[in-house]
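Input: structures, listed below.
Next, two complexes with chain A in common: one pairs it with chain B, the other with chain C.
Let's turn to the complex of A and B:
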């Protein structure tokens, strides 16, 4: 009888651990992170600088201009980009980009529509800064995660 | 072509400054088409063209901290290289330009430049009008421009600009800026400008500011028999502006005090006038925006300087409606009542404008 209780407790514990792992995996798939190439000079970017970068404003690190890449490989990324990264509506964002080009000759962030192209851009240019789902880059030795931008 | 070619050559010969950086570019096309009809005319000169189809093309090439920025305006009446600037991004907040630029003390033009789509109203205030459309203040200079920004009071933003360069010249047709594509050999003088504005945040359009300019403009043709011996004019401008940009309302207000000294052979005439405007815009349902603008002046009627510009509107009331009917496309209708130095007229305008990139 006592042995059966212990067995049940062990099974419950195993089930709990499994549930925790599953939850962690699930969270990782819904965590958006800011990433740079592993050889990037960027060590940290605060949220204001990230916002500037993706609004097209120039951001230099050690004299190098950073190149933002807007990842549009997943439809779920667009509302997160607008709400969490640039903090404005699509129309306000378009207006900001147009004004930047018209007034200062700023470049808008390059838009990339597949994960493989986002990674290719990261590998090719050490000044690239982009955002990706954590599970897409979690074990990639060529990419460095700078910060968590969003998680559900 | 020589000047623009030289700038391009300098740009291409500087790759060491931007090592390992790919050449990146941005292109923006701002086309528009408009028609205007005037009525109740009591003035000889109203506007130059009744219909205008134009395309404003902007191109940026960037490699590392260097960039080449150009704006070419092509219309069914003319084609002009409006801006051609070689820039060096010194830091996040500072860029140094050389080339032909829009001077920073025109509050309206500093924000809107030539693209019709990016301004709500069809026309700009008379005091900020371009030189080739009867403008009374010089707008295009060829020289150097330093633009900078800094965080002040914790989160407020101070934006500054200092410019200096070759000023336009004054001809019988009005003011003519130095043309990079077709440089002339006439005597040109210099002009200097300064602008500072304070904003509640890095990204805010709301703010207040001041502008100062001192421009020397050479007269190259006699305007009339009375203008014989007219050599040059010194234009001193001091101005203030305040803008509010909310989700529903947008208000722009500017006031300039202009002192001029007209130098003739052996004599000088001084005058002073004040010009200001307020524009209010209200966002309405169904992607509509209504707007009104009131422009007015003091001392304009007696200004010998302003009498060199026949079309200048010393007072104007503007009301209009803009409909953003598609993404990056808008239709506008506008009514205006203008009082010029020699009469008055009303006009109604229709415009389609767009942005493609």
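Let's turn to the complex of A and C:
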């Protein structure tokens, strides 16, 4: 009998924890953060460097070239990326990238269309820098948040 | 109504209108979308760059007197004119500049799309990372000038498209008229051709190749039709002439057969009658010689002999008509003296109020035949003529001339003598004219005429190889024309015939 009561309390506690996590996840669903792998040498990047990075300019940290990854796993990310990270319109960004690639020889930022691919890229390369929703990386030990880019 | 809709012009116009009705809205929507995107691009790009620039400045500054510097920076932002709202949220404390700013809703959401909200303010917020904390910069850009520009551009686009549509419709009307006009003209010309007016030429001046070819083919068809029509009309005319000739020949053949039949019959009777009259005349003359002179018997016998002579002359006339009388040896003789002799004889018996005129254009004309028979012809014709005169008198004109190739289908070409007898008598009706050559046909009372005069004339002329025609109308007189082969012409023809045979 006591065993049964303890079992129910345990289930109730688990349900409560899940609800709390879900509420937290919902609360953090509109916070965009800049992330790097946990073993990355990058500790912080100011907004100007972030813009340079995602416009294709070469950014070196401790002698290592950072590799930007444009996360396109969510349609809502695109306008936030354009307005908060590169601060220009889509066509201006496209012209800027084309200009850098063709005239300056810079590299075009890699574009990834799924969250899993973004994470795989992060895990594979410690010099990778990308942006993700906070709730996607809040409890990921392999990923480190270095900056809040935008919050709803 | 259906016929009206099916015209070429209306169909062309309908097609143009349908195309415009479908394309003009699409064109308007497409152009306005391009215009809107262009203006949005021109608005959003500087707004984002500018707000990012301000955020970078706030992020780069030191911590000393940050709040005052932030307020001054917000004032400078508001002074640009494009920013109507500016604030910094520092740990739930809101910092504003000294300049008046728009009363914005608390924590307005970011606008990621131009004009998406109806407040005409484009809000951009940036998280500024300070050394000690994070703050939020929120700027509001005025969308109304750009929206006004977009509205004005849309109006211009609309006016331009409407003008384009009006011009297109006007061009379509003109083009449809250009295309349809030659077609309508061709149609009218084709209708005239269909009504039988083949003179109209299907010549249209059009720069459209299809119309030119259609015109060319229709004109070619019309020319063929004209040719066929002319050929048919010619054939019909020839057929009518041929039919008239056939009817004329048939009529003349019937007449000749009738004359021949009557002549044969009359000739047979005359022969028998002549045989009967011969002993009567012979024995009455013998008896007259034996009868005492001055006696009643001699007187009676004299009357019998005279009657027998008259009967014999009648028989001779009938035989002449039937050409069974033995003619004298034909000889070439001049017509003028014979005619003058006959006319001289006539003048003695014709009333004084009847003028007899004779005109000879060629004194040397001669024919082959018996002069006494031609003498009889003139006497008979002139006798008929003066008997047709009214009591007030009239004129008989006899004319003699030489002709070549007379307009008579029954005569072969050659030299002929024309003898004309015209009178101013009462003329004849058509029904009388058709029977004048019939033996014993007469319009006079019984006992006054024998009906053999013109029959004998017809027989004499025919036996001489000639032709006699009579034209007459009531109250217009009568004209008799006699064509006889000229003696010189006959000789010439004989020579030619002999040469041809050789």
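Everything below uses one rule, namely that the second predicted complex is superposed on the first by the 125 of 152 C-alpha atoms of A that agree within 3 Å, B and C clash if a C-alpha of one lies under 4 Å from a C-alpha of the other, contacts with A are read in each partner's own complex, and residues count from 1 in each chain.
What we mean here is this: a contact is a pair of C-beta atoms (placed from the backbone, for glycine too) under 8 Å apart; a residue touches a chain by one contact, two chains touch by 3 or more.
Quick caveat, the model's predicted, so the values are computed rather than measured.
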Give one word, clash or fit, describing how chain B and chain C relate on chain A after superposing.
-> fit
Based on the superposed arrangement, let me know which partner A:151 touches: chain B (first), chain C (second), both, or neither?
-> second
Does chain B (first) or chain C (second) touch A:113, or do both, or does neither?
-> neither
In the superposed arrangement, does A:47 touch chain B (first), chain C (second), both or neither?
-> second
After superposition on the shared chain, which partner residues are touched by A:79: those of chain B (first), chain C (second), both, or neither?
-> second
Partner touching more residues of chain A, whether chain B or chain C | B
Who does A:105 touch here: chain B (first), chain C (second), both, or neither?
-> first
For the superposed model, what is the least distance in angstrom between any CA atom of chain B and any CA atom of chain C?
-> 5
Residues of chain A at both interfaces, chain B in one complex, chain C in the other = 48, 51
Touch list for chain B against partner chain A, complex = 18, 20-22, 24-26, 28, 30, 58, 60, 62, 64-65, 67, 69, 85, 87, 89, 91-92, 95, 110-113, 115, 117-118, 147, 202-203, 328, 355, 357
In their shared complex, at which residues does chain C touch chain A?
-> 40-41, 44-45, 48-49, 51-53, 55-56, 59-60, 109-110, 112-113, 124-129, 134, 136
For chain A, which residues are in contact with chain C within the complex?
-> 46-48, 51, 79-80, 82-84, 87-89, 91-92, 147-152
Given the complex with chain B, which residues does chain A contribute to the contact?
-> 48, 51-52, 55, 57-60, 63-65, 67, 94, 96, 98-99, 101-108, 110, 125-127
